[in-house]
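Look at the two complexes coming up: chain A is in both, with chain B in one and chain C in the other.
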Partner chain A sequence: MKEETSNNSRRKFLKSVGITVGAAGVVSGFSLLGAAKAAAQEPGETVNLLTQDGQLVQVDKNQLRPTVTGPLTELQKRGREGIAGKSFVMVIDLSKCRNARKCMAACQNHHQLRPDQHHINVLQMQDAEHTAPYFMPKPCQHCDNPPCTKVCPVDATFKRQDGIVLIDNERCIGCRFCIAACPYSARIFQWTEPKDAEKYKNLTYNIEANVPQKKGTVSKCLFSADRLRENKLPSCVSSCPNGVYYFGDQNEDAVTNGTTHETVRFSQLIKENAGYTLMPELGTKPRVYYLPPKNRAFEFNGDLLNEENLH
Partner chain B sequence: MKNAIKIIASLFLLFVFTASVVNAQKWQAPVLSKKKQNPYEASTRNISSGKKIYNINCKSCHGDATMGNMLPLQPVAPSDLGSQAFLIQTDGEIYYKVNKGNGAMPTFEKTLSDEDKWMVITYLRSFDQNKKESKKIVEVKNPEVTDVKLLLDINNENKRILANLTGVTAKGDRVALQGIELSVKVKRNFGYLDISGDDAYTNEKGEVNVQFPEDLPGDREGHVNLLVKVTDDAYYGEVIVDRIASLGIPTNPVNPLDERAMWGTRANAPIWIIFSYVGGVICIWGVIFLVLFQLIQLPKLAKNKE
Partner chain C sequence: MNDLQEQKETTLSFEKIKKDILRPMQNHKGLELWIAFLITVISVCAWAYYVQLRDGLGVTGMRDYVSWGLYIANFVFFVAVSLVGMLISSILGLLRIDWITPISRIAEIIAVAFVAVAGLVIIMDMGRPDRVVNVLIHGRFQSPILWDITVVTTYLTISLLLLILPMIPDLAICKNELKKASPLLKKLYNILSFGYINTPGQYKHLHKMIRTLMVLIVPVGLAIHTVTSWLFAATLRNGWDTTIFGPYFVAGAFVAGSAGLIVAMYFFRVSYKLKDYITDVQFDNMGKLMVAVCLVYLYFNLNEFLVPGYKMKTGDDVHLTELFAGHWAIMFWSSQLLGNVIPIMLLVTKKFRKPFPIMIISLFILAGAWIKRYVIVIPTLLHPHLPIQNVPQNFVHYYPSAIEISVTVLSFALALLIITVLSKIFPVVPICEIAEQKGIEVKIEA
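And now, the complex of A and B:
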């Protein structure tokens, strides 16, 4: 008998804890719901609402926001599938790069990155002691045999039918296995709250731009998948002032230069200029091709942030 | 104290002065290079091919010639290459500068052929009001026409595109327009691929014959979106025809997700991985359960023995 009472009281206790936690959840849920708007607006009309546990509450109309789950899953679904019939490739002409860094700025702007975070980075290269140094922009290679997607334990990073490798920040648990697996160091980790976190916090998450960025998850170059949907060239490609980037659909065998808007045959461009991919011996089959830095349009100016280069 | 202020002030002035001198210092071509002459004549053909090369290589910074819509770069904005102030220079001077580059201006010594560079200079010279260096030569004179028509005849078998340009004269006759450049383009995802070749000028019958590339992919049925236009709108306004033609190679896009691969997510992991993984899990748990089962059986066995 005694035991039963103790049992009963335990159950009661658990019940009450459950209710308080649940209620706290509801309250905090509401406060989250309209925190931003309520601060900005005067209290206006109130509406009666039925909560999940059958309680009637009065809520300020200003505090109501449309639910984000609908469009979110829709975006994630189409973001996972990709654009049918396409096979995107990028060609980077190293002979024209002078470290203007406009691509990096445009990319950071597009993907809510701080100046020290890179989806694309212009590196100063020198292959051996007596070889000529050159500048090399390096985005994610969108490998056709990507080591990064193999190691993700939660299906957060994946390849789509148009060849682009993306990350779902809503799934990513931040284990960083993929960072370790990528041989091109293409991925970054959000150690702190991302830039302008306040400004972007009400935005619906877009898997094709990784915006808003999420603290504790991984991010990387996306070939501006959201822009490709509108038939626009990626941000870096269209912002380069020196005609370094070509981008296009391999199925059409054509790539378009972001600066001159000249469209050329992809196969010819690669063949005539001896195009190559980075570290082919790894078998990762990159989708980013490089044209060697010969017959340069600019003299190499060793200083990475040389004022004269920055235009 | 006063002295110190004076010194600082004079230093500042000196600094401003030198800076302005440095800025004002002009980009000079060596005297010898100025004498170089453009070996190409200012024919309409050369001018229009120069314009093409200009639009691809120079326009992104310098803007349209004479329009003054260059990129506002710092500290020195690119010059308007159609302005009279620029065209005061000799052909040789311009050629030198295009070759060498300066600051933000790239060198075109190796990226453009000599011929291309001279074509651009010929094109720019066509804006020169003094026309010192070269006169525009017009080879053919077409009559004044209205109702300009561009007709396409596509031969699917040998993949040739025949374009015919005609117009109606004041007397009401439809005549062929000669010596007009046409652009034949194929639509691609982010722009138009120019397939017109080097010599897409209408002949005396008003015709241009263009070979479609043998190996250019089309869609699943081989359809491509063709666009033919009179290159220079200055002649007859915008004359454009577009047409869907089955000239391309039928291409079935490959979906990499159709194949099961190691890099695939759970949904398309290779069968052998799924089997060996599931098999492994079953085996290990099986052994554990077997041991537990035996342990439970132990007391029973002992009882039975007794």
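And now, the complex of A and C:
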């Protein structure tokens, strides 16, 4: 019993370290796998690693394992069920977005994506000819009536009890029907070998982060479901320098700003600020709410739809 | 003149029919060369598919926005052409229209070949073809893909039965007549003729089965193309999100299928020297049928494009402007004019319904039908609801890659190979049915 607890805590620790390795890359020039391989030969040596909250820690090389999370079936089961009692929502305040794109970068680091692959994409929008342009971060809307999960022939993409729409790339057959079905263009496909495939090769698949990514399968925003399990905010929310994102649990009616860490009432926030959802006429019932881009804290500095800004 | 024709018909004895139809199966110079050519093409293009398997779908021109491309357009085209089997041998057969007798088997062969390849094309389009069994293990019946798999396999099965069952008497003849056939073929004829010797009992049973299948394939045939259209219509995208996609696709399939049949009829008439069987009457009537199905298709096109074009709703406007006058205008208008309007205008005249002109017109209709599928699938994906930004330039356009084109050639060569092989080992014109129709007694030895 006692041993099990210590084992668990060690696993927990390793998990957070391991995810960091995957997310932030390895500091000190060590690759996780290289370190793990070396571990057998050189006992007692330590390596420096960066944790998720930015602290540098020393870890015994013997403790490093390429597999940093539980066995596949357990993760899949947990990932498919979701977190009981939760109902996750995101609020995006368009009046604050300055196109810093820290969210995009953090997301790409977390989910093993190249710079041109977006789980979240900051779009330059202009609703009509004479209306003011604005920046609009667009993650998966985690619809309550998701058109994508409906069309999946193998239940590879599905909606959990906590409202999150996930993709299981161990099951996905790559038919790309969900990509065609999504009106928000929120899904991407791994057309070729994913970024850093070698480095991630031996990691156990974590469905809640969709890492390692696999060639020939679909990927999408997951609200960083792996971080939510550790009571952390999604990568994009935490990395925003401008206070654009609120994230929280609709059941608790509380959302927390990723920048200021201020927690407010969800219902009040969207009521007082005329919150809305994207393309409500499609009946998808998104879980991502937007606050209109009024009283913007900045001048729009993007060249709307300028070819050069598209890269 | 009249006398002469009568005389010619009376000389058409059962022996002559047998001889004429079985001849190309026994020795047909050039056919081996053609088969060798097809196999070469298939082998070369199979390498392209191997590259795709090895390196991923990234070797195609498809990217995150245009995530369905050439392959899906081909799939829709193959399914469309295959619908001719249901149109000719079932609908017209059930109506007891007699001029279809000599061409019904060709229609069934096309149906079998094209629907079989359509199934393969879908697998070629998959990112993880190694996981195709997941569809059986984890299949969700809420997904139109499951419906599609169900109807494609059902249609293939019934089409195969509708090819083989009416052929049983002919295969009994093959068994007796084709002494020089390979042992394997002899065995095949032996098995598939099921000991048929044309007793009244056998005849009755067989025709009962055939009629049952002819009725069964009508809903399945409608379903296969309707469900194919639902792969698009079930989404929320401008250009696909319409209610008439089912009948619109079925009407288009009749056009494409009839054109495919006319081309095949012409080829077999000339190459297999079957002028006495696939006569001008068949071409003339197919021409009239073509005008009818083209008119129906034209009507659906008017509804599909004119009504949203009149309103120019946000979203539809970009899509339709690109089709009518933008990047896709040449393809769109050539498919509408060459593949539909001009053929209608020409085929109302009798002289254009002669074998050669109608074959040429049908080639244009087929090309138009393929282009039409291409402009149904791709432009819609280029105009999603939200702008395409922050992606490389090649995400914003779609041009099929050489690999993709090779795999397309592979699928077409495969369809042609199946047709060639089926028409080499089976009589392409029904011997017994022709004889019956001409009032000639059918004799099959045990």
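For this structure, a couple of remarks:
We take it that the second predicted complex is superposed on the first by the 232 of 311 C-alpha atoms of A that agree within 3 Å, B and C clash if a C-alpha of one lies under 4 Å from a C-alpha of the other, contacts with A are read in each partner's own complex, and residues count from 1 in each chain.
Heads up, the rule we're going with is that contacts are C-beta pairs under 8 Å (C-beta built on N, C-alpha and C of every residue); 3 or more make two chains touch, one makes a residue touch a chain.
No experiment lies behind these values; they were computed from the predicted model shown.
Contacts of A:291 after superposition: neither chain B nor chain C is touched.
Once the two complexes are overlaid on the shared chain, A:150 sits against chain B and chain C alike. In the superposition on chain A, no contact is made by A:120 with either chain B or chain C. Touch criterion met: A:215 reaches chain C, while chain B stays clear of it. Once the two complexes are laid over each other on the shared chain, residue contacts for A:260 go to chain B alone; chain C is not touched.
Legend: residue contacts after superposition of the two complexes on their common chain; A:233 is shown touching chain B, with no touch to chain C. When the shared chain is aligned, no partner comes close enough to touch A:89: not chain B, not chain C.
Contact with chain B, but none with chain C, is seen for A:252 once the two complexes are overlaid on the shared chain. Residue overlap on chain A between the chain B contacts of one complex and the chain C contacts of the other covers 147, 150, 152, 155, 311. On the chain A side of its complex with chain C, the touching residues are 104, 116-118, 121-125, 138, 147, 150-156, 171-177, 179-181, 183-185, 187-193, 215-218, 278-279, 282, 284, 305, 309-311. Across the complex, chain A meets chain B through its residues 84-87, 95-96, 98, 144-147, 149-150, 152, 155, 158-161, 163, 231, 233, 241-243, 247-249, 251-256, 259-265, 295-299, 308, 311.
Note for the complex: chain B touches chain A at residues 55-57, 59-61, 71, 73-74, 101, 103-104, 106-108, 110-111, 188-194, 213, 215-217, 251, 253-257, 261-266.
Within the complex formed with chain A, the chain C residues making contact are 55-58, 60, 62-65, 67-68, 122, 125-129, 131-132, 134-135, 137-140, 142-146, 149, 231-232, 234-237, 381, 384-393, 395-396.
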